[in-house]
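If you scroll down you'll find the structure; I have some questions about it.
Just so it is clear, A, B and C label the chains in written order, and each chain counts residues from 1 on its own.
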Amino acid sequence: MGLLYGLIAVGLALIFGLMDVVNFAHGEFLMLAMYVTFFLFTFFAIDPLLSAPLAAAALFVLGAVVYLVIVRFAMRAKANVGMVQIFATFGLAIVMRGLAQLFFTADYRSVPNSWLGGKTVSVAGIFLPQPQLFGALVAIAAFGGLYLFINRTDFGRALEATREDPGAVALVGIDKNRVFALGWGLGAALVGLAGAIMASFFYIYPDVGASFALIAYVTVALGGFGSVFGAFAGGIIVGLVEATTALVLPPSLKSVGIYAVYLLVVFVRPRGLFGSM
Amino acid sequence: MDKSFTERRRRELLVAASLTVAAALVPLFIKNPNVQNIMILTLMFGALSQSWNILSGYCGQISLGHALYFGLGAYTTTLLFTKFGVPPWFGMLAGGAISALIAMALGYPCFRLGGHYFAIATIVIAEIGLLLIQNWEWAGAALGIEMPVRGDSWLKFQFARSKLPYFYFALALACIAWFVTWWLEDSKWGYWWRAVKDNPDAAQSLGVVVFDSKMGAAAVSAFLVAIGGSFYAMYVSYIDPGSVMGFQFSLLMALPAVLGGIGTLWGPLLGAIILIPLTELTRSYIGGSGRGVDLIVYGTLIVVIALARPEGLIGLFSRRKEASR
Amino acid sequence: MTALLETRGVWQRFGGLVANSDVSISVGRGEIVGLIGPNGAGKSTLFNLIAGVLPPTQGSIWFDGEDVTNLPAAERCQRGVGRTFQVVKSFETMTVIDNVIVGALVRNTVMREARRKAHEVLEFTGLAARADVLASDLVPAEKRRLEVARALATEPKLLLLDEVLTGLTPTEAQTGVALVRKVRDTGITVLMVEHVMEIVMPLVDRAIVLDLGKVLVEGKPKEVVRDPKVIKAYLGDRHAVGA
């Protein structure tokens, strides 16, 4: 579970690190990815396993469009920049939730009997539900891929350079807007991947994003905003804390443990565990 | 000296007084309880948003967890009344005081966080508050608690037959929140807060104690919001954690100010006058048939305002005034 | 008479980097002192230490006969240290007069008094006509002036000016120089950081040259500009070799 949290969070961290913007519609991106997976399964009987790349691709487009249509202008605001960013993405989140209610209705959906669903694997005597295990594997693969991508490709380097100094980048002929749009696309694609995996073992409904989004913010803040490795580590910590809390407290309180740990960490290290001070 | 300034301040008071009188007369002509309900909610959210505006608008610390203080006010009043028979008037003050104290206790660590970090911390803290109340059996847990009906009484602030007392109370609330803001605007605190919002480093170099400024703003803001929460509890006479402490309440407090003009004197009220009736109307007319439409209208409005007019709708008025000058 | 400001053996390290090493300077009452030096000499760091932005790693800072080493910036302002910023930090959403009122509130608790004081300062600095304009609408030279006005409103004993004359047109710089003289004539001590020597030298009573975090030379402007060490520091070894 922690790895999945990490996967949800890493897209957020990527965008924040790139341009210092928190996407408050991140949870709704996740929700949408889950619906994409659901409909692909229902209408075309495409297994979540196979639709994951499709969901990622769809979200990539969505992320890029959101940047070009909304965020690009939000960053141009002269006054109240922080406020504008928060409320522009928030407004988007509300619209997306409304659209989901309108078109997908508020019913709870699920992807039944997927290729992986309901089966368990036994690893060293411990039974693990197969979808989760698979999700963890995908998450690890995605992190590995992302790491290579950022460090080894031209685009990754452009991303890194733009985050260091957008002005200087413009001078060497890189279009800042294109890099940012691709960054948003990439961040959204990662959450699309996470959504596709999660669709096979979570109920899907219009508000599903909200609960995961808060955990994603906590994960990102815990690891240190903007740090991809931090999001990964933060995800694992959150997963562990959640599992531990579940042993001690009633299930309705399981998130309290995560939140409490988060608060402790940021109060001691305001920029998170792996953030630069 | 500076006559124009003194005049402007006096004119603001005058406008506010005339608006109050005008508003006070409205229910004499409009007797429809549904419309009265909308007016009460509008005034209440105007007051709440005005209070939120003190911390987030003037002082620039965007809080998305003010539902915590709203809920504290509602719960303190209700619990004191149902469990100990304490009249809501005292419960209201107690709730305000508790909220202000908690706001300062939370501010102590939180105000070291900047920007987004602060906003997220406030969401998380409010969420913890919500979860704790949801699991607190004595306080009704997730089911909530009901105010026992003890007949019409000013002391207990219960009126079954008429909405008028509630209306006037909400009006008083809005007036108080407005007046406190007006008064603080031209005080040391008002200047300190705006300086802290614009540039904390420069503020410090001019003798502004940044930390104290934020603490002061948080305390005043939380106190007023809690009073609003108490009022809401008495008005609806039944509260549950989700409906008074949920995240959407934090959002509802922020939106009127954002819409009308964040960090301005009239913005929150203007925003509430537009937003609350709009919300209620969409909810009652289209809400039933196609759920989600109200959210779409709402969200679009926020995005458009945030992008096209970050200084809020109030900017339309002041700009016109400047042009005519 | 004791000096108004004194730094005693001040060190500042950032990790492995030494920004100030063993800096001891003093500024007497009523003086205009120039703090100059090439880029990266540690001027800004020293300036921030004096203003109280951060405490020094080692050493102490004395102001008006008291040890202020560990006092935060706001507290030092209350004791009489006013400052401007190299990169202007106006309160952009506030009007010019409101910007200055923030400063005036340090010594005036009654709003009406603070407002009157702010108007006085605007008159003094030649910004009176712009009182009701938003700070964000000022031109750069006016913003610099607003920085000075704000600091003056705190009624400082010592005014720290951080490159207020840099980047101005010659005419603007002339007006700036006149303003600094006028400030000194009201009895305020001035310590100014400038990168460009030509502007400050005719203005200051005394110059302190920093290089590589240390005090290199200190003395009358005329002596300082002729000092070979200063010439070398400013022009670098390239020039020394060429000569």
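Methods note: a residue touches a chain if its C-beta (ideal position, glycine included) is under 8 Å from a C-beta of that chain, and two chains touch if they have at least 3 such contacts.
Chain by chain, the UniProt names read as follows: B = Amino acid ABC transporter permease; C = ABC transporter ATP-binding protein.
A quick note: this is a predicted structure, and the numbers were derived from the prediction, not measured.
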item	value
Most distant chain from chain C by Cα centroid	A
Chain-chain pair with the highest tally of contacting C-beta pairs	A-B
By mean Cα position, the chain sitting nearest the middle	B
Separation of mean Cα positions, chain C and chain B [Å, integer]	43
Between chain C and chain A, distance of the C-alpha-averaged centres to the nearest whole Å	48
Inter-chain centre distance, chain A versus chain B - centres from mean C-alpha coordinates, in Å	32
Sequence positions of chain B contacting 2 or more other chains	263
Touching two or more other chains - residues of chain A	78-79
Residue numbers of chain C (touch at least two other chains)	92-93
Chain C to chain B touching residues, read off their complex	51, 53, 72-74, 77-78, 82-83, 85, 89-94, 98, 101-103, 105-106, 109, 111, 115-116, 119, 150-151, 153-154
Residues of chain B touching chain A in the complex	62, 64, 109-110, 112-117, 119-121, 123-125, 127-128, 131-132, 134-135, 142, 247, 251, 254, 258, 262-263, 290-307, 310-311
Residue ranges of chain B in contact with chain C within the complex	1-2, 5, 186-188, 191-192, 194-195, 197-199, 201-210, 263
For the chain A and chain B complex, residues of the former touching the latter	16, 22, 70, 73-74, 77-80, 82-84, 86-88, 90-103, 105-106, 206, 210, 214, 217-218, 221, 225, 250, 252-253, 255-256, 259-260, 262-263, 266-267, 270-271
